[in-house]
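Once you've had a glance at the structure underneath, I'll fire off some questions.
Chains: A, B, C and D, in written order; residue numbering restarts at 1 for each.
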Amino acid sequence: MDEKFEPKITAFVCNWCTYAGADLTGTSRIKYQSNVRVLRVPCTGRIDYMMVLKALHKGADGVIVSGCHPNDCHYTSGNYHARRRWMVFKKMMEVMGVDMRRITFSWVSAAEGARWAQLVNEVTDQVRALGPYAEFRQIIGAGIE
Amino acid sequence: MEAVNQRAKELLEKGEIKAVLGYAKGTGHVRRPHFARKAGQVDQLVLDAACLQNLAVYVTKHEVKKLGKVAVIALPATQRAILQLMAERQLRDGELVILAVDGEAVKELDSAAALEEHLALKAQGLDAKDKALLAELDAMSREQRWVYWQNELSRCMKCYACRNSCPMCYCGTCTMDCNRPQWVPVASHGIGNLEYHAVRTMHLAGRCVECGECGRACPVGIPVHLLTFAAEESIHEQFGQRAGAKAKLDYALSTFKTDDKESFIR
Amino acid sequence: MSRIGVFTCHCGENIGATVDCVKVAEMCKDIPGVVHSVEYKYMCSDPGQRQMQEAIKEHQLDGVVVAACSPRMHEPTFRRAAGDAGINPYMCEMANLREHCSWVHEKGDATTQKAADLIRVLVEKVKHNEPLHPIKVPVTRTAMVIGGGVGGIQVALDIANGGHKVVLVEKSPSIGGHMSQLSETFPTLDCSQCILTPRMVEAAQHPNITLMTYSEVEKVDGFIGNFKVTVRKKARKLDEKLCTGCGLCIQKCPNKKISDEFNEGLGTRTAIYVPFPQAVPNKPVIDLQNCTYYKTGKCKVCEKMCPTNAIRFDQEDELVTLDIGAIVLATGFKLMKTDAFPEYGYGKHKDIIDGMQFERLASASGPTSGVMKRPSDGKEPETVVFIACSGSRDRAKGVPYCSKICCMYTAKHAMLYKHKVHSGKAYVFYMDIRAAGKDYDEFVRRAIEEDEVKYIRGRVSKIYEEDGKLIVMGADTLMGGEPVVIKADMVVLATAVQSNDRSEELAQTLHVSYDSYGFFAEAHPKLRPVETNTAGIFLAGACQAPRDIPETVAQASGAAAKVVGLFSNDELTREPIVAVVNRQAAPVYSTCVGCFLCQGACPYQAIEQEEIKARSGEVIMTLARINPGLCQGCGTCVATCRTKAIDLQGFSNEQIYAELMTL
Amino acid sequence: MANTYNLSHESLNSLFGALRKDGRRIMAPVEAGGRTELAEVETPAQVASDYLQTILSAKEVAFPKVERLLSYTIAPGQVDLKDTEPKAVPTVLFGVRPCEAKAFGALDAVFNWDYRDKFFNARIEQLAVIGLSCTKADEACFCTSVGGGPADATGSDILLTPKEGGYLAEVCTEKGAAILNLAPDLFKPGNGVDKAAITAKVEQAFDQPALTTKLPGIFESEVWTDQALRCIGCGACAFVCPTCVCFDIQEEADPKKGERLRCWDSCGFHLFTLHASGHNPREVQGARWRQRVYHKFSYYPERYDMLGCVGCGKCTRACPVDMNLKEHLIEAAGVKA
């Protein structure tokens, strides 16, 4: 394995909780590892599972999907719908043999700045330990003559 | 069968329907879907253990809708698919005559409510063979499953037989055909196949009536039905919902419970 | 090809100290489509904004990325500035270099690289941005207030005095609510009815207020500014126009033994009745469950007696549909019943009563005309025990929250009792005394110090009856948990405040959210306390959480101000971040297949049906349509739609896909 | 130029060895999970022993389901375009059926009609076909109705016909002769075998010249719509077909790089002719089914003076709803032989 492997982490976060939470991490000057790239969407309900698959396709070694805690959704129930979708998506990915240690679902509220830093660090460390998602990379370009 | 054909003939003769959709003898021992458009053609219809296709795939096609009212000889899986199509507003009450066949018995139904009542009497479940296949898959390690599916899916050439044979894949413009943006690559290469089958499964999760038509249709023998079965079974386990059972839409992915299990969420 | 400008902000040292902004600006010049990339000390300052505006004009930019702080901070600022410079404001995006980068990472190449990456993502997004235009929605300037208690009355009066029409809907036959049942109010001990009834009359007589009593909301369609509300006017069995309120029918009604709701079951009423003498409107209503005519088909005494022939036995409920611009929920609360407590005898002892029953016993207009008599035998109670926190703050059997008003009214009750029975002994069992409010703590102190109410900090574990006495067994935790036994004549439970009956049903009808106890949820606990998450629906009073009268009234005026503010415009302007269903030329029309699976996923019921018709009028297809007035832009439908027929403006599939492709 | 030889079963091992020694990849039908598929083999033992046909046709060795045409990278201010050189591995296709061998001619007609396709030709140049006559056929087969036969040598560089103890080997082309020359000792002189007696009997089912003549006149016939009522519009028939050549060009790109791919396509798809305006000249499945028939039996003869169908019957076998091409042709045109 490449000694200097630095994982690519893509995060999909909702505007009202996790994005705001990550803002608070900044305002609180809590440091975390810089591997993560955040994509802002209004609500976890907006997060299509294709986004997660595309992130992996484009070389992410780990993906974070995060939004408001249950009951806290800015849109009342977007996160509940998202949660169901993740439950089914997770099951599907498991059946297909995708390594679910690389996809992290979480709730981070607008007040949980420290938690965001901790989450990013944990995921980054975990994925760094797992190494590049070679298995997935192998199928990119496979089957083209 | 005679009773069904008799009734079908009657309906055709009286002009109440324009065609009967059933099964006929095909190449070799194969049975094929068949439209009898005249009373005289009804005798070509057969019904035996070799009749497998889910005929509900036809009832949403505009070519078929254009024929006028059609009677469908509906085995249980076809019945479930029609009910789900009704719940998804693709068919109206009275648009079809459903000649529901279960073993020897035949019932004539024409509404979602009647279908729901009729189907409620029957237990739905996978057959032993598919259960065993799912169990085998389940018993594999994660890595083995990955290798298994990559091996199977490497044969996929995106002929879309699985999609087109599925009664629930009635969308005029399939997501595979959407190219702004092209979420799923058109090419049937490694990632393209993985994404296609992941999306197909997700789109059928909560809507799959478990007829297995997709797996039967695959010309290269990929057991794609195991994917939708696994999704559907997991939905039934987790949420208690089943596709093709209710007249009123009860879609697991546009409903939720505030206490849905979330142990996997950090 | 796009012409995009990137403006990287140092934010003084905030970004500049960690991220090499000069290098970032230089790197951004290489992004295809970027024609202008500069950095500046403070982009949000006036010169910073001007610099951006000039660049937009000079370089004919069609999109802008400002790489600075969080978009949650300054997105409106820069969008406005971009708009003023002549491009569509929604062609401006922000890359969060401060909160998400410079403040959370150490100085170094990786951090600078990340800053450039963040910008690159947004540049690709902007390339796919579409000009958007704020959505204008017309406003019907009529408000509906649901609930005619003190909160609802206050809202109605404030809006009406602001010059707008109000429909006040009350489910019971009279407005007034719980406050009309109270004897005196804390902390002033002024007579509740004396201060409330003038307000009730004012509401009834206000030219801008339409009272709909004995009415309930059945259905709410539409959206902010444009609700269609269907109200069921329950049949009073009476022509209100003819009735003069003389009361003859009530006097003559032969069925007089009906438990009286207004007196909390401590008195009786007739089958045709007004809830209380000061009721507004002062028109009787026939109680169908108890009316002899409806039970046996014979009687009609009231009809015979009525001097104006106002009785209408054949009257039916009436459904009225109204155009409403804003709705205020003020549906109040209910008290937990005494039968909820096994240790206090499941409510079978007549002399264990709840706070509201005590109010009626103490009230001059109550069943005892304000004379202290215990319910079982009418004797004057010599010892009364008050138990605070009955069901409140009780995770095991009651509700976990504090009911907020009980500490105060228990003190009030004890005082009122002592004022009426000078020789009597009053004990209060309490957990904590929560008397935060103007003159509140002083009020409690007065009860303890001047009126000699004995406060015991502890819980009551058991009450049983013995020789006509209620034996109250408790503990005094300030005396080391020493057991306390009091032989009482009457026990008053300060039972928990709960959400009103059928509040969840009402919330579902109105599509507002509610908590697990059935209280309606505010849009933000601090910053938007009188709004719900459904635009155009507001909250006042105890339907949101336990509240006392001053808080309810204050919140009511707050909600009214929101409504009046809303009504101050001819049309509403809303952010165009809404979902849309695509439309295409015939014969495709749309990629929507009309499965309507999205409907269930929409938290706002914003997804409607639209029929595509041929010239002949024949319906070709039924498609989904998103009502832009209702849609809040969460995008849950977008992710649900299989055919990608729905997209979310501002966060479209094209935009997100483009962002992903840069990763 | 056909010269006939005898090739014993045993000598196949040596032949395979010689081919591999010559740097050639051997592709042959193998048994895999109950299916017969084309795969690379090293020894004759790996070759399926008893098979009718593979599910997919052999066309993928010259016309793969996805192939890269070009790729590029985008650097600031410039695009670096890279032509793809076709990966043409010297290949021997062993044991394909005569129908499929013949089908390369139909592919060639398209790929070298007005434009010489670099990718196809590079692969074909490196390809040698060792055909194997059919000793059995099924109800889907109709090679004899389209000018072929179970022992037709067209398209094979060497055609093997099974016989007692081995094969009759007809060396038909120079490519075939080159193979012979790799191991000339293995090919024993021999002849005089009555191939017709050994190989499968495939009755001529219809009169193809009559069909081709009739088709232009029945374009508007309802029969196509009627037949296609059952068709579900998937691409199974086209993808298994040895002569279907339609492809789609796809570009997969991100801001940094991209590539252009050629992928199989099918005229049976609704999307195939869908215009950007939403108009679809082949609006109904009947029109698409008709196109498939006409392309093979009317347009191909017109343009290339050959048929676009070799009667292999793969489409019929692969079809999820049993669209039987032979049967439907006869029904539509009334051309039963």
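As a convention for this text, contacts are C-beta pairs under 8 Å (C-beta built on N, C-alpha and C of every residue); 3 or more make two chains touch, one makes a residue touch a chain.
Every value quoted in this text rests on a predicted model; they were computed, and no experiment measured them.
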Report the chain whose CA-based centre is farthest from the CA-based centre of chain A. D
Comparison of A-D and A-C (more C-beta pairs in contact): A-C
Between chain A and chain C, tell me the centre distance in angstrom, where each centre is the average of that chain's C-alpha atoms. 34
Using mean C-alpha positions as chain centres, tell me how far chain A is from chain D in Å, no decimals. 46
What is the distance in Å between the mean C-alpha positions of chain B and chain C? 45
Taking the mean of the CA coordinates per chain, how far is chain B from chain D in Å? 32
Tell me, which residues of chain B touch at least two other chains? 183, 187-189, 192, 253-255, 258
Considering chain C alone, which of its residues make contact with at least two other chains? 588, 601, 640, 653, 657, 661
Among chain D residues, those touching two or more other chains are 65-66, 254, 261
With chains as vertices joined when they touch, what's the shape: line, ring, star, complete or other? complete
Contact residues on chain D for chain B in the complex? 33-35, 37, 55-56, 65-66, 138-140, 225-226, 228-230, 232-236, 238-240, 248, 250, 252, 261, 263-264, 266, 269, 271, 284-286, 316, 318, 320-322, 324, 327
Which residues of chain A touch chain D once you look at their complex with the stated criterion? 58, 143-145
Along chain C, where are the residues that touch chain B in the complex? 516, 588, 591, 593-601, 622, 640, 642-645, 653-654, 657-658
Which part of chain C faces chain D closely enough to touch in the complex? 29-32, 120, 124, 584-588, 661-662
Residues of chain A touching chain B in the complex: 48-50, 53-54, 57, 70-71, 77, 80-81, 83-100, 104-107, 119, 135, 138-144
